[in-house]
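These are the structures in question, set out in turn.
First chain A sits with chain B, and in the next complex the same chain sits with chain C.
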Partner chain A sequence: MLQLFVGQLLNGVIVGTLYGIIALGVTLTFGITGIVNFALGAFMAIGAYTSWYLTDVVGIAYPVAVPLAVLVVAVFGLLADQTLFRFTRNNLINGLIVSIGLISVIQSVLLMLWTTTPKNMHYILPGVLNLDLFIVPKMKGVVFLVLLAVILATYAALTRTWAGRAAYAFAQAPEAAKLMGVRTGFLQTGVVVYSTALAGLGGALYASLYSLEVSMGSSYILKGFEAAILAGIGTVMGSLMGGIVLGVTEAVGSIFFPQAYRDAYGLVFLVLILLFRPSGLFVRTR
Partner chain B sequence: MRAGLLWLPLFVVPLVLHNDVVLTILVFTFILGILAVSFNLIFGYTGQLSMFHAAAFGIAAYATHLSMAHLGVSFWVGMAIAVVVVTAISLVVGTICFRFKLKEFYFAIVTLAFSEMVRLIILNWSSFTNGSLGINLTDKPTVWLPGETIVIEGTQMWYYLSLVALVVTVFVCTRVVHSWMGRCFAAIRLNDELADTLGIDVFRYKLVSFLIGNAGAAVAGALYAFYLSYIEPDYLAVDQSLAIVAMVLLGGRDTVAGPVIGAFILTALPHVINFSAESRIFVYGLILIFTILVMPKGITGAFARRSRVL
Partner chain C sequence: MFAAATLATCFGIAPAKAQDVVKIGEIEAQTGALNTYGWMSSQGMRMAVEEINKAGGFEVAGKKYKLQLLNPDTQGNPQQALIELKGMLEQDHAKYVFGPFLTNIYKGIEPYATGFDGKFLLIGGATAIHFDLGKAQHGYLMRSWNWDAGPSGFGSLMVANLKQRGAKKVAMLMQNDAFGHVARDIYAPLFQKEGIQFDEEWFEPGTTDFSSVLAKIAAGKPDYLFPGYSDAVLYDIVRQATEVGLTKIWLVRGSLGPGLKNKDALDEYIIYIPKYFEEAQNTEPKVKKFIADYKAFYKTDFPYDQAPLCSSSCYDHVFMLVEAMQKAGSVDDVAKVKQALMSITYKGLWETRYDETGEEVINFDVVDIKKGGNIEVSHFTPK
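Presenting the complex of A and B:
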């Protein structure tokens, strides 16, 4: 029982970091551009399919394929920003609808290219890590560490670099930031692209663990939103924590409750948080 | 009232046109039109982006069938029960959301969460709902006229039934919008804090609009289920909610009947363009994007502006 519990706990943490990286993209995009980018899940799918294609079909080594896939997603992100999101900044509903339209477009293109048959990448790193109490597949460990590193690096970049502080300033007072010499249009584009790249990374890593379907992004974007709101929109480390809380709740919850309602725990959580602590779990209320 | 006459030609269509495909598209347009028009009461007039509309639609489809199967009532009583059930559930969801003053994105997310929960329950309560396999409906609605009972089947019958239902819905919504309730809705949409200081009970009127809208969705759900003769948990899917938003935006949210045009285009398009399933989704997405970026007021909005210029 203990082994099962710890195993599920760990599984939850790892899946949770995947939720966390999407949540981070959601939070950043919303904080800086006022756009709720539902299409991040679809960008995640692009990342996943590209890394699968590069590794299994083209035959590039996986560690090289992942950054390439992220780059591809970032280019698509830039394209989406310049042709679409640029025109819907600070308009919640329009941004939402445009991103939803974008999901349809991306999914249908993926379908045309690679059909509905689920794709499975060959094992990149077989074997498990056997630590007395529990066992973890090595690849899951690697994915967890990479995601953790990226989230921490993002946090560091946002708090320690000029661009990061400019972003924070812009989120608090756009006008003032503009007057202080922040190139706001540039900043907004950068954040949208960076968020899509994060989603692409999540997808590229996801591809090494699970089988790929075109609609894979839709459940992850919902989880990403749940995690972001759980944490409180606008906090970087919060989105990681929100993702982990969500992942662990689902994993541990499915030991005690029917598996079928796995997706419901996050929803119940979400409603309760929004009703009783709308600023989020990890935001200090003044 | 003059606008009401515009509906008249639609009653003649099946008499001159015997093309089953066209009539079928129109039946779907009318039923989905009910859904879109009632949604627009909540979204376009009161300014609340509800993601619960597909849930109301789906709950009603199941409630109508289940009450007919287990209580042995007729279609119309089943539909009435469905409206009551949906209104009761909406009362709970709406009270929670509006009591806690959830707005915009947060309202959308919480209603989305509620409708996902309902979908999961329907999906997993297999003994009652047959899970993801859905249920084939064999019963047909009937209409009593003095002396005889007419069974509603075939495209032509459904055409008139759904058209009448749509006209009634549009009429009711028009009356609501032009009443004191409608003024309160508009005040809440434009600035709900100001509305509050002016003495409008914001909570009450948000709830009223939510309940009326969802009741409309319930009617659409019952009709849709029995026209299609099949219900499945996908009625409540997020995609369905988004499709409703798309219809309203495409048709235009500033008029009561505008969303019907959106419903028509999104229903007819897949049939007109003879593409594969993938390219259909592609075109659908492009239309959404195009509408938002090029004519954010929808088709009726674009025409209204044009005619003002002339």
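Presenting the complex of A and C:
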């Protein structure tokens, strides 16, 4: 039982980082542009399909295909920002409607290109690490480390670079940031593109673990939002922690309760947290 | 109208008569997460229709007919399937409809189809069709797939075989949907009868990470994992099962694909396969010809992993229907054609006949993939 519990605790942490990377995109986009971008799940699907296509169809090595897929998603993110999201900034409803419309467009294009038949990438790194107390699939371990590194690097960039501090400043007081010389339009575009690239990275890594189908991003964007709300919108490390809490709740919950309702475990936990800490787990209350 | 009749008389042009063409419908998912079953059926059916028409059609009661295939894509969606079936029955007046293979689709169209009892035949592989065969107002039904249970059932045989392998405990991991519950209802008694402990776990459609539930199952140390039921989930389940040490898989639906992809991590992958084409192409001339024809027709590689599903409402069934119409001496008397279908044994890719309830009985194979990819095939011909 201990082995099962520890194993699932670890599995929850790993799956949780995938929720965390989406949550990070959600929190960054909302914090800087005021847009609730539900299309991040669809961008994740673009990243997944692109990495699968580049690896299995074109024959490019997976470590090269992943950054290429991220680049492709970032370009789509830039296009989406310049043609759509630019006009909806700081307008919650318009941004939401545009992002929901964008999901339909992206899913339809993916359907036209690759139908709804699931795609399975060849195994990049098969096998498991057996550490007595728990077993970790090697590829899941790699995905976890990459996502963790990206989230930590994002945190470092936001806290230790001028651009990062400018983003924080803009999130807290847009007018003051503008007066201090922050190029706000450029900053907002950069954040939208970076958030979509994060979703693309999540998708590209997801493709090495699971089967792909066009609506795969739907559940992940919901989990990403759950994680972001659980942590408290606006906290970078909180996004990671929110994702991990959600992943662990689902994984450990599935040991004691039926797997068929695993999505509900995270939601119940979210409701409980919000009852006692309405601003989220990792937001400091004054 | 008068002008058309005059033209036809003067120039000897006979207007195309509806009875010159026999319309056959097909309601299958050709795309979608559950398209595995319908896609191959559609592939084979197109080939059969093309082959028959290219040969000049077929003769019934001294008259030549050609076939017209109506095969839109249900995408695995019951509402879409219902729209398509309505079109086939009310606009195209098709009297023979093949499919569906999916239980959820059948459940979706059954109430409507029942209103057309006696006016058409629905020949499908869906497991749920079994339970309606012989029921009042369901004379239109025939089932184009071997039944799991019963003395000739492949499931009964496979469970008995599992007992011989020393299995004492089997864990089922099934999708929480219509077929999943039907599968449990079929197999729980079969395992019980053989004295094999049967545990069940369920997952929601759309699940891709099964590691938690598989770890839970693994902790119970079953001898075999019985996962369901389509390749859309099997690739993920089989991979993740091997990662938690569940290396013996036993299935009654799905393809060899997930087993072959994980062949180095698996100890056993036992699966009911209507025909193991890789072997049959060397021993059965009809199979060899079918594979060559397929490659020429679609200008692509032969889908060995999907091909066994051509045993249901597919290539052979079109030829069998034509033979039945010829025997019945009619293309539109569905009662006579059904009677003829029930009385013949068609020898094509499979040796196919229907039992007294209208359920298909075909010869089949059980394939066992061993560690590293070695394959053992057992052939069965039900009594």
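Basically, the second predicted complex is superposed on the first by the 285 of 286 C-alpha atoms of A that agree within 3 Å, B and C clash if a C-alpha of one lies under 4 Å from a C-alpha of the other, contacts with A are read in each partner's own complex, and residues count from 1 in each chain.
Rule of thumb we're sticking to: a contact is a pair of C-beta atoms (placed from the backbone, for glycine too) under 8 Å apart; a residue touches a chain by one contact, two chains touch by 3 or more.
Everything numeric in this text was worked out from a predicted model, so none of it was measured.
In the three-chain model built by superposing on chain A, chain B and chain C fit together without any clash. Of the two partner chains placed by superposition, only chain C is touched by A:V128; chain B is not. Within the superposed three-chain model, A:S254 lies in touch with chain C and out of touch with chain B [touch as defined at top].
In the superposition on chain A, A:D263 makes contact with both chain B and chain C.
For the three-chain arrangement built by superposition, the Cα-centre angle with chain A at its corner and chain B and chain C at its ends equals 70°, in steps of 10.
In the overlay built on the shared chain, the residue A:S219 is in contact with chain C alone; chain B does not reach it. In the superposition on chain A, A:Y210 contacts chain C only, with no contact to chain B. Fitting both structures onto chain A leaves chain B and chain C with a minimum C-alpha separation of 5 Å.
Touching of chain A by both chain B and chain C, each in its own complex, is seen for residues 258, 260-261, 263.
Listing the residues of chain A that touch chain C in their complex gives 1, 3-4, 7-8, 11-12, 15, 115-118, 120, 123, 126-128, 135, 137, 209-211, 213, 215-216, 219, 250-252, 254-255, 258-263. Of all the residues in chain A, the ones that touch chain B in their complex are 36, 84, 87-88, 92-94, 96-98, 100-105, 107-109, 111-112, 218, 222, 225, 229, 258, 260-261, 263-264, 267-268, 270-271, 274-275, 278. Residues of chain B that touch chain A in their complex: 49, 96, 100, 102, 104-106, 108-110, 113-114, 116-117, 120, 123-124, 238, 242, 245-246, 249, 278-282, 284-289, 291-293, 296. Those residues of chain C lying in contact with chain A across their complex are 31-33, 35, 39, 75, 176, 201-204, 206-213, 215-216, 219, 231-233, 235-236, 239-240, 243-245, 261, 264-265.
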